[in-house]
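Two complexes, one shared chain (chain A), two partners (chain B, chain C).
Here is the complex of A and B:
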């Protein structure tokens, strides 16, 4: 009987322990999302509260299909994420490999490396708006002082340069998280296979390609999963740096949602867009989480 | 030249190169910190002044409304709001996250992996997308522009990742330790507080710092859910410095320093656990 009681207890325990977590998530995320789904099927405008009661089905979504500004922002967001995430991964990997090679003074550099991680995204945006300012920014000042250019480069005014500057800011903010996670992977790596390969005559590229990189794969997926949890924080950066301008040429999905929902007060339409952006984020996370699970099984760490 | 000397020289050279790269990486941030201590005149000077001629604390005095205050920005109340909101939400998220993380690390139950993934997916909803329904609901509930409203949101923002981290830390502690304690007559509750909690303490602190930083730095939700000095946080207050066409660069830089310093101190305190915890949770299933 005592045993039966214990079994019941252990079945109940996780339920009790997890209830607070799921209650909070239900109340603050899941329920609002359900409300958001309903709102996305109404022509709701903030200035006309009665419009919340009109049900129009999927009309907002159908309209998005023909909305050129929406699709421009959508594909720009995908492109932005593809460039930024790859650049962050490659730079992070480079930094991690470099620091891993050090035989002394490693801890100091590791600490310096973490500096950008502490910056609020809104601060990062402000900081690069300051640095890329065409009149007083350090970038233009430096270029002009060195005589590389005699005119002020309009970093945040020209559409393409503005997108570039935003990507620089985003990469600056998130590279260190990749570097830290990959460095932790490198530090956990057993030395023997590397030594053995070297004895067998592998050059350092072959060692990297066939031993180090496969070992790092799970760490790369962890980094990508953690990163994909909050890709949308790039909103803060764009909001400060360009506000989506010039003429909507740096508009990402997230800034477009804010503009339609709050500035134009067209909540119904904004909620429809928000749903699309949510599904996009979920797709990213699920993709990398799956890869992580597969890599874990490969490493034999699974239960 | 002896071989040992050669080796040491190349190690030093590598260190120097890496160090210089790191410094270059940090320049954008350091430039803002430096600007916080420079008079606005010097920041705007043409041709540019590279080496600061004089450093001043005036920018800080100004934004706190001391001396010749031109812009009265209530930084004091923003700071207090940020502190109260970040500390409270971190504490509650840690308690909830410890319970949840322990459940995932120590028990087997049905749908375990799906439940874990669904928690993470609820975290992945973009803040700006979530802000739309929250803005409408919180207005109806009357908790818009209150510290409480933001605290509740930040708890939810922090719970999933806190569980991810703490789950990882509990997994590092062998189950046999708490089992041995239970054989010796401890209850599971006692075994947790006497054995597992002290061992995971560093990791839990790291998770706490992560949660604190998330709340402390968050902007997108706070910008929509706060309006006045009752609840506006520092990141939202930072935007007070941008007028339509002009930006008070010096004031904004000073405010930036105020936002960074607490984050800086906290991160360095727990950085060792931070690195370990982030990866361990993920790899060993």
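Here is the complex of A and C:
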């Protein structure tokens, strides 16, 4: 039969060969996506399956518009993204620049730097929960031993401090991603333009500002794209460290969505939230990719 | 617009010395070419002048000022790199003007100098392009333009033409020479290509293994090489070098062929001395087909292995005393492999080198 196909229906051959791939895509991606989009337009509750059949159009979305808790989580997520990404960028860039200066032990240090990425985020969350614990945590212990304070600072209980603690954990875990990617950029960077700039009259800062940084921009945007998707879906660390508390003050989009969907069993509403948060992620990705394309345009002339 | 002086300059990496205390005086407006095989320390020397490499010992002065500990930006020199080293994210205009802008020049001065340099190098139509959109030759011109806009004390060229194809290299060579005439300036130029050295230099510095073997005008280096290395390195095709022993007032080659000792050197050789006879291919030619047949000469028979006709001249590959010898035939005459030719060896332009040290007997 195969031979018959080859001889008589060569025009169909590509379609037949593509069918398995399309089938997989259909069942794994397209159908679940369509189904979740549909459920976001129903009052679907996990404990009452029959609610799946009630179509309410965009009512879930309209309700979100007035949902203060949702918008608080939305803006808090953006703030979280902005602070975490920028802190990781600055720290990662600094680490990469320092390691790039090393002539001895660079490989070992590069490996050691990857350690935080090897731990499960859940465990990192637990570890920082202990570190920041107001009674037995090492942070308070250190501060008190050094005589900097004599009271127990409620790191995970105070709203602002809790957010700060979560960001510290996130930054600790993921700075190395920036460092690794930017170090790759630095290692790939041709030495000649830097030397040309030195001869052209630049001091170290000017070389960095006018030559090194523009060369690193594509790498920065790649790291930003990856990390913005990563941070926007932050759930595990927050869930473990504060559970979104105190009083919802560290609630991010995905902790809120999980709470609404699983704890409150209101899956339809949760799905509507998830779609909005997906749009947010897409917006970030598009933004960084645009920047990336613009920065890459001239890199063909680097060699 | 400045003289450069190197005194006992040493460069070592760890315990490994790569430049062994070289002395060199470069005069104002002089075009000096450092030439040598790769690894001879010529680029390192240039980079020490630029300030991109530390100086391990000795001193370098530019315009009389000691620059050993000055960073490159304080030396007022400019450099053209082998890989062009353009700033990929800047237009040609910004590449050219970058140094001036960093130096804090006003916008109008920058624009004026950029326009001037672009005019000299024929870049006026390319000012808004990015380096990625330029050809190799154009990029090289931008690199040169970036060097001249700053009106530096000296220009340093690090093998600037080695990434270009043969034809473009010839063109750019001529342009660099013109540039030196237009923009009077001190130039230190590094290359491994002896043709570039011969055609561009006021003075050639031949380097080997971190030492300077010879410094001289192209004609001095060509006509009076101090040793077998310089003799083989300068000139194309390279000088034939034949081991010989002084025997009864003649030079006896390994197969027993004898050639007269050049008259001017007779007093300097003694019987039994082991020497190397150096003769350029231009100075071995079939009788009646030589370029310069005047002067003292001797005869030798050559059996043609291969002949490469080049039009008005042919390069002849042959063997003498078991060694490959190249000879040149001037004139429109075809030579067949296997042909036996009686050739004249010009003795007045031949050299004798000590077989042990490789020194030219005439070198002081």
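Here is the rule we go by: the second predicted complex is superposed on the first by the 269 of 303 C-alpha atoms of A that agree within 3 Å, B and C clash if a C-alpha of one lies under 4 Å from a C-alpha of the other, contacts with A are read in each partner's own complex, and residues count from 1 in each chain.
Everything below uses one rule, namely that contacts are C-beta pairs under 8 Å (C-beta built on N, C-alpha and C of every residue); 3 or more make two chains touch, one makes a residue touch a chain.
Since this is a predicted model, take the numbers as computed values, not measurements.
Enquirer: Sticking to the clash and touch definitions up top, decide whether chain B and chain C on chain A clash or fit.
Expert: These partners fit in the superposed model.
Enquirer: Just checking: does A:193 make contact with chain B only, chain C only, both, or neither of them? Give me first, second, both or neither.
Expert: A:193 sits against chain C, while chain B stays out of touch.
Enquirer: Using C-alpha centres only, what angle sits at chain A with arms pointing to chain B and chain C? Round to the nearest 10 degrees.
Expert: Value: 80 degrees, nearest 10.
Enquirer: Mind working out whether A:98 is in touch with chain B, chain C, both or neither, as first, second, both or neither?
Expert: first
Enquirer: Touching A:39, do we find chain B (first), chain C (second), both, or neither?
Expert: Only chain B is touched by A:39; chain C is not.
Enquirer: So in the superposed three-chain picture, is A:275 touching just chain B, just chain C, both, or none of them (first/second/both/neither)?
Expert: First partner only, chain B.
Enquirer: Return the chain, chain B or chain C, that is in touch with more residues of chain A.
Expert: In the superposed model, B touches more residues of chain A.
Enquirer: For A:202 in the superposed arrangement: first (chain B), second (chain C), both or neither?
Expert: After superposing on A, A:202 lies in contact with chain C but is clear of chain B.
Enquirer: Look at A:68 in the shared chain and tell me whether it touches chain B only, chain C only, both, or neither; answer first, second, both or neither.
Expert: In the superposition, A:68 contacts neither chain B nor chain C.
Enquirer: Just the number, please: smallest Cα separation between chain B and chain C in the overlaid arrangement, in Å.
Expert: Minimum over all C-alpha pairs of chain B and chain C: 8 Å.
Enquirer: Counting contacts the way the document defines them, which residues of chain A are shared by the two interfaces, the one with chain B and the one with chain C?
Expert: The overlap between the chain B and chain C interfaces on chain A comprises residues 297, 299, 301-303.
Enquirer: Residues of chain C touching chain A in their complex?
Expert: Per the stated touch rule, the residues are 50-52, 71-73, 77-79, 81-89, 98-99, 102-103, 130-134, 139, 146, 150.
Enquirer: Write out the stretch or stretches of chain A touching chain B in their complex.
Expert: Those residues of chain A that touch chain B are 10-11, 13-15, 17-18, 20-22, 24-25, 27-33, 35-36, 39, 95, 98-99, 101-105, 109-123, 126-131, 135-136, 138, 141, 145, 172, 175, 180-181, 183-185, 188, 218-219, 221-222, 225-226, 228-233, 235-236, 239-240, 254, 257-258, 261-262, 267, 270-271, 274-275, 277-278, 281-282, 284-286, 289, 292-293, 296-297, 299, 301-303.
Enquirer: Applying the document's contact rule, which stretches of chain B touch chain A when the two form their complex?
Expert: So the residues of chain B touching chain A come out as 11, 14-15, 17-19, 21-23, 25-26, 28-29, 31-32, 35, 43-44, 46-48, 50, 95-97, 99-100, 102-103, 107, 109, 113, 115, 117, 119-130, 132-134, 136-137, 152-153, 155-156, 159-161, 163, 213, 216-220, 224, 235, 238-239, 247, 249, 252-253, 256, 259-260, 263-264, 267-268, 271, 274-276, 278-279, 282-285.
Enquirer: Help me check something: in the complex, which residues belonging to chain A touch chain C?
Expert: Touching chain C: residues 190, 192-193, 195-203, 206, 210-211, 214-215, 297-303 of chain A.
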